[in-house]
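Two complexes follow with chain A in common, the first pairing it with chain B and the second with chain C.
Showing the complex of A and B:
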């Protein structure tokens, strides 16, 4: 088989976005090596590469293939995976934008960081489309190991080291559990690794399948940081470099959700009630614990860590209702979550760069010194809390409506109550920034430096902040195109269509 | 277009104000211009409104987010019209009566305009989710207005307000979802009020949903025992915010109860009516009795609000055309009278530094006291107690006249409430205005202090003598609503 026919058979064109990221990665590595430490073009290269990858994803979206399975069935490039890959690539792009200044100020090298970030992105993107267990495991490990490295990247900071070690130990054991679950499946299906074939082979639910499901859910729940597999989250979020946390809370989580949807829905179709049951418990615990514990936090990063656990709870709620609207609302929420959470992290980074602290009390009276930062952080947090007319409000509205339509009344009511709790702790930060009088200003804000955007790496941070601010503000009001995208993603995904319980009445306007 | 203008003009103006550079008087003047513009637009709306029609007018219906059933559907009828007008008028009053030297004027005035836009949106929305959206939009501006420019315990009061209102919001959303999700007939997804009216429910589901809405709006109105946020919020809020809070924001609750309760569950509403009328009596008497014991003038006026909002529930429960007319007039009348009283209390507080009835006395002193403010207070108290010749009388008379045939006992008990209103306001007037003057060197009251109060008093008296001017806009609509 010559090269060209191999390309045609494997349908390599489906992974053009990933190839672009890999190419960028190699170029960044080489340029870094050749031109030495002082090269300033690396972030630009990374951003260009990720933008090109996003462009390729858009192109693929606009030119849908009839058959989406590639690489002999190991990789599915359906619209669902395209959306998830888009979210992951976008989160990597935003992360790269907000990282530059942070890393320069921390005095660590940019080149390796960007390479590892791109590696994590490639891992996440492959994970979003992987349809075969070996591919899944390899991409999952690519993502995970790159994440461990990223979280320990500021190596002179003991907290960063602690975070990396904790993350590594817990991550490795959860990978082991996940692998154990997959090995059970491998045995049960008489040696199949393709998800579709496994699903066909384990038609008769037995205890071992349920066991495998529990192990696999445990492995995935670690990535989603769903309670009770969340213990690593606050410590890792607090210790890791903040841009990394931003990536972990959005990109890595989106990859986890992509994996969860594809794996669980495809393979465990026969034991759907069981895995739903497990996920209902995870959802309830995540929503309650994440939101309630967030109230007590004094560090902004820890607060956002717990809030991201709570937010993941809302997304899981959308996932387990198992209707077309449910999956659509899940993707919609992840899309808006990408922007509002990234925006919040961009602001936290900027604040930490200018003051050197991330205590919530240090934000007192910030409006006087930095109105733009105050506005941006307020909007992003209020959107996370679900205040109209911001994007998060519509995301929550959609999730709860999907849940309600599917009859998950209890979960929806719990979600509503928890969203009130979340408003409380988000507004606490807004209150610190906006309400406090000049005389109540914190030390950090008192010593706030003159606002300037001229230092190297500040412009990209500004671009990230303003663009997330704008998108968070208007994505809800002008949500129709987004709704169209998520709807296409769900209807364009064959395995979801097969799963969505047929008798569900999907109501729509005439 | 007209209605969108009423809704978006304040929002646009808020953005303009927020972007203004420093310079205190410039921002204030611009805010006043905006308030005038808003009032002008609303008055122009009157000319486009046909009072002889009973249905929705000047409708705007654009599709928005189909999958969620939200459409941008605005409309106005004879019940919403006076409230929209009230909102614009009181926003102007609030802006005018704000002290010129207020700190952070850009943010303050911008939030006031956002609030005005959000409230107008609630009154105009003809889609339940759009209604909910605007209902939630007003949450954050009002929270910040209390939390930043409030009194000593503003942090506590604003957080309490936030939590109560957010709970009211999720109840409302849950109720909206309930209407569509639990109805028996399967209609295309839409949260438009007119489509929701076509939905049918089993009696138990209807009762459940009605209870949810009663709780949601009961917090906002507020009805005893869901009222505890109100006295705190009022005492801590600055005068202009109190004016808006009592004047228009409480009306969101009663207006919502009318749209969602009476409008969507007519049968269940009728079954609940006796209970609701009794609840109204409890609210009225509780509000009045607690008001009698208050030492803080502002708290007294705040509790009087609880009593007066109780009459509205009585009228809604009775549901006769006359009672609904009374309810609409009472919403406007309470909006104006409580705004007047809060303004006067605000003037007294700013001049004497206290609102404590034990420490105030003799303010009627013609030489060194506040005689004009005192006279206006007497007028406000009379209007609030429903003395004939004032607007309060018209409203309460209409409600009682409309409710008496349906609930004679409850109506009589509510009438006791008007007597009690006279009692506590007489206590207030007696303590604060008669006797020896409590302190010397009271700063002079300026005309800018008096002007808003005089403007409101004039309207209160005029509409008391000439209620037809207002009723003429309302009656066509209330005839239809009352015959449900």
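Showing the complex of A and C:
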């Protein structure tokens, strides 16, 4: 078999976006090695590479294939995985934009940071399409190990060391639990690792299947930071460099959701009530604990950590509804969440760069000194809370509508109450910034430096801030293209269609 | 029962006893050096089990990597960080241990019950003795090609990450760099605001 026919059989074209990211990674590494520390072109290279990968994803979206399984059934490049890969690549692009200035000010090397960030992106993107347990595990580990390294990147700061160590230890043990669950599935299906074949081999629900499901949910819930598997989140978010937190809260979480949907829906269709039950508990706990504990926080990063736990609760609510509208609302919310959360983090980074603090009390009176930052942060936080004309409102509305249609009344009412709670703590920050009189201004804002965007790395940060601001403001009103994308993603995915349509469709094996 | 089956059973029992005893030693031994050596024994026992399953290559890799590299590394780390530190007694230590024992025993009971009550689909065929390496290689370049190649990216970044964490940052004209988060720790903020 010659090279070209091998490429045709494996359908290598499906992983072109990932290959572009890997190529960028290698180029960044070599340019950094050859040109030394003074090179300022590395972020630009990274941004170009990620943009090219996004372009490749769009191209694949516009040219759908009839059969999406590639690499002999290992990788599924259906529209669902394309959307998730797009979200992950986009979050990496925004992260790279907001990182440069932060890293320069922290005095750490840029090159290796970008390489590790790109590796995490590759891991997440492969995870979004992986259809086989070995691939799932290797890509999960690629994402996780890169994340541990990123969170410990400012290595002389004890908080960063603590964050990396906690993340590593808890992550390793949850990986082990996940692996144990997968080993049970391997045994139950007589040595299959492909998800579709395992689903075909598991015919009757047994205790061992339920046990495997519980272990696998425990592993995935760690990535989603769903309560009770959330203990690492606040400390890791507080101690990691802020751009890294932005990536963890969006990109890494999106990868976790892609994995959850594909794995649970494909493999555990015989015990669907059981895994729904487990996820209902996780959803309730995450929504309640995330949103209630966020009220008490004094540090912005910690508050965003708890708020991200709560937001994950809303997304899980959409996932367990298990209707076409439910999955569509889940992807829609993740798309919107990408922009509003990234925007909020861009603002928090800018504020930290100019004042050197992330205490919520330090934000008071900011409107007098920096109207643009105040506007951007307010819009993003209000959108996260779900205030009407903004994107987050439509995202939440869609989720609650889908849940109500499917009859999950209790969960929807709880979600509504909890989003009111979340509005309280988001508005508190906005009130601090806008309402306070000049004499109530905080020390940090009083010493606020002259606004300038000329330092290296400030322009990309501004671009990221303004573009997320614009998208967050108009994505809700002009949501039709987004609705089109998410509906196509759900209808274009074979395993989801098999799950949501009641008559049992016999899965044809590759 | 044929002779080969009997031999297999006896060696399995011996290996299991060895692994369980050594693992208990790792957890219970107060001396960290003994614990590290006992961990090596656990790894060897696992390698023996792989041999019983006809996975000779995996057994060899287990000995080379876990005993030869991981365990030696652990011992090096213990040698380098040779601190004699008396740990404080944890509050309610006995209660905590009882709870831990209860959780572990019930988890074990659950797993045991599941194992005994599940109809495992077993494939009776056993690979011919010369070696499983050929089969392994064929799998690597067929359905496991993607994870095999992805592992190279993973190893590359693990290497880079290890170097970053270990190297000393020193730039001649700027002296030691600060390498810290841009946000100040809480205490510093509080002091400045006073």
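Heads up, the rule we're going with is that the second predicted complex is superposed on the first by the 501 of 510 C-alpha atoms of A that agree within 3 Å, B and C clash if a C-alpha of one lies under 4 Å from a C-alpha of the other, contacts with A are read in each partner's own complex, and residues count from 1 in each chain.
Convention: contacts are C-beta pairs under 8 Å (C-beta built on N, C-alpha and C of every residue); 3 or more make two chains touch, one makes a residue touch a chain.
Bear in mind that the values here come from a model prediction, so they are computed numbers and not experimental data.
*Asks:* Given the touch rule stated above, what does A:75 touch, chain B (first), chain C (second), both, or neither?
*Replies:* Touch partner of A:75: chain C, not chain B.
*Asks:* On the A-aligned overlay, A:483 touches which partner chain: chain B = first, chain C = second, or both, or neither?
*Replies:* After superposition on chain A, A:483 lies in contact with chain B alone.
*Asks:* Name the contact category of A:412: first (chain B only), second (chain C only), both, or neither.
*Replies:* first
*Asks:* Spot which of chain B and chain C makes contact with more residues of chain A, would you?
*Replies:* More residues of chain A are touched by C.
*Asks:* For A:160 in the superposed arrangement: first (chain B), second (chain C), both or neither?
*Replies:* second
*Asks:* Where does A:466 make contact in the superposed view: on chain B (first), on chain C (second), on both, or on neither?
*Replies:* In the superposition, A:466 contacts neither chain B nor chain C.
*Asks:* Which residues would you name on chain A as touching chain B in one complex and chain C in the other?
*Replies:* Common interface on chain A, chain B vs chain C: nothing in common.
*Asks:* Okay, in this complex, where on chain B does chain A touch?
*Replies:* So the residues of chain B touching chain A come out as 63-69, 107, 129, 133-134, 136-137, 139-140, 143-144, 147-148, 155, 159, 162-163, 166-167, 169-170, 173-174, 177, 181, 186, 188-190.
*Asks:* Please name which positions on chain C make contact with chain A in the complex.
*Replies:* 110-111, 113-115, 117-123, 142-147, 150-151, 153-154, 156-158, 160-161, 164-165, 169, 171, 174, 177-186, 189, 192-193
*Asks:* Would you pull the chain A residues touching chain B in the complex into a rising list?
*Replies:* Touch residues, chain A against chain B: 325, 328, 367, 382, 387-389, 393-394, 397-398, 400-401, 404-405, 412-413, 416-417, 419-420, 423-424, 427, 431, 434-435, 479-480, 483, 487, 505, 507-510.
*Asks:* Considering the complex alone, what residue numbers of chain A touch chain C?
*Replies:* The contact residues of chain A facing chain C are 10, 15, 22, 25, 29, 37, 71-75, 102, 105-109, 112, 115-116, 119, 122-123, 126, 132, 134-135, 137-139, 141-142, 145-146, 148-149, 152-157, 159-160, 187-191, 193-194, 201, 206-208, 211, 239, 241-242, 299, 301, 349, 352-353, 356-359, 362, 442-444.
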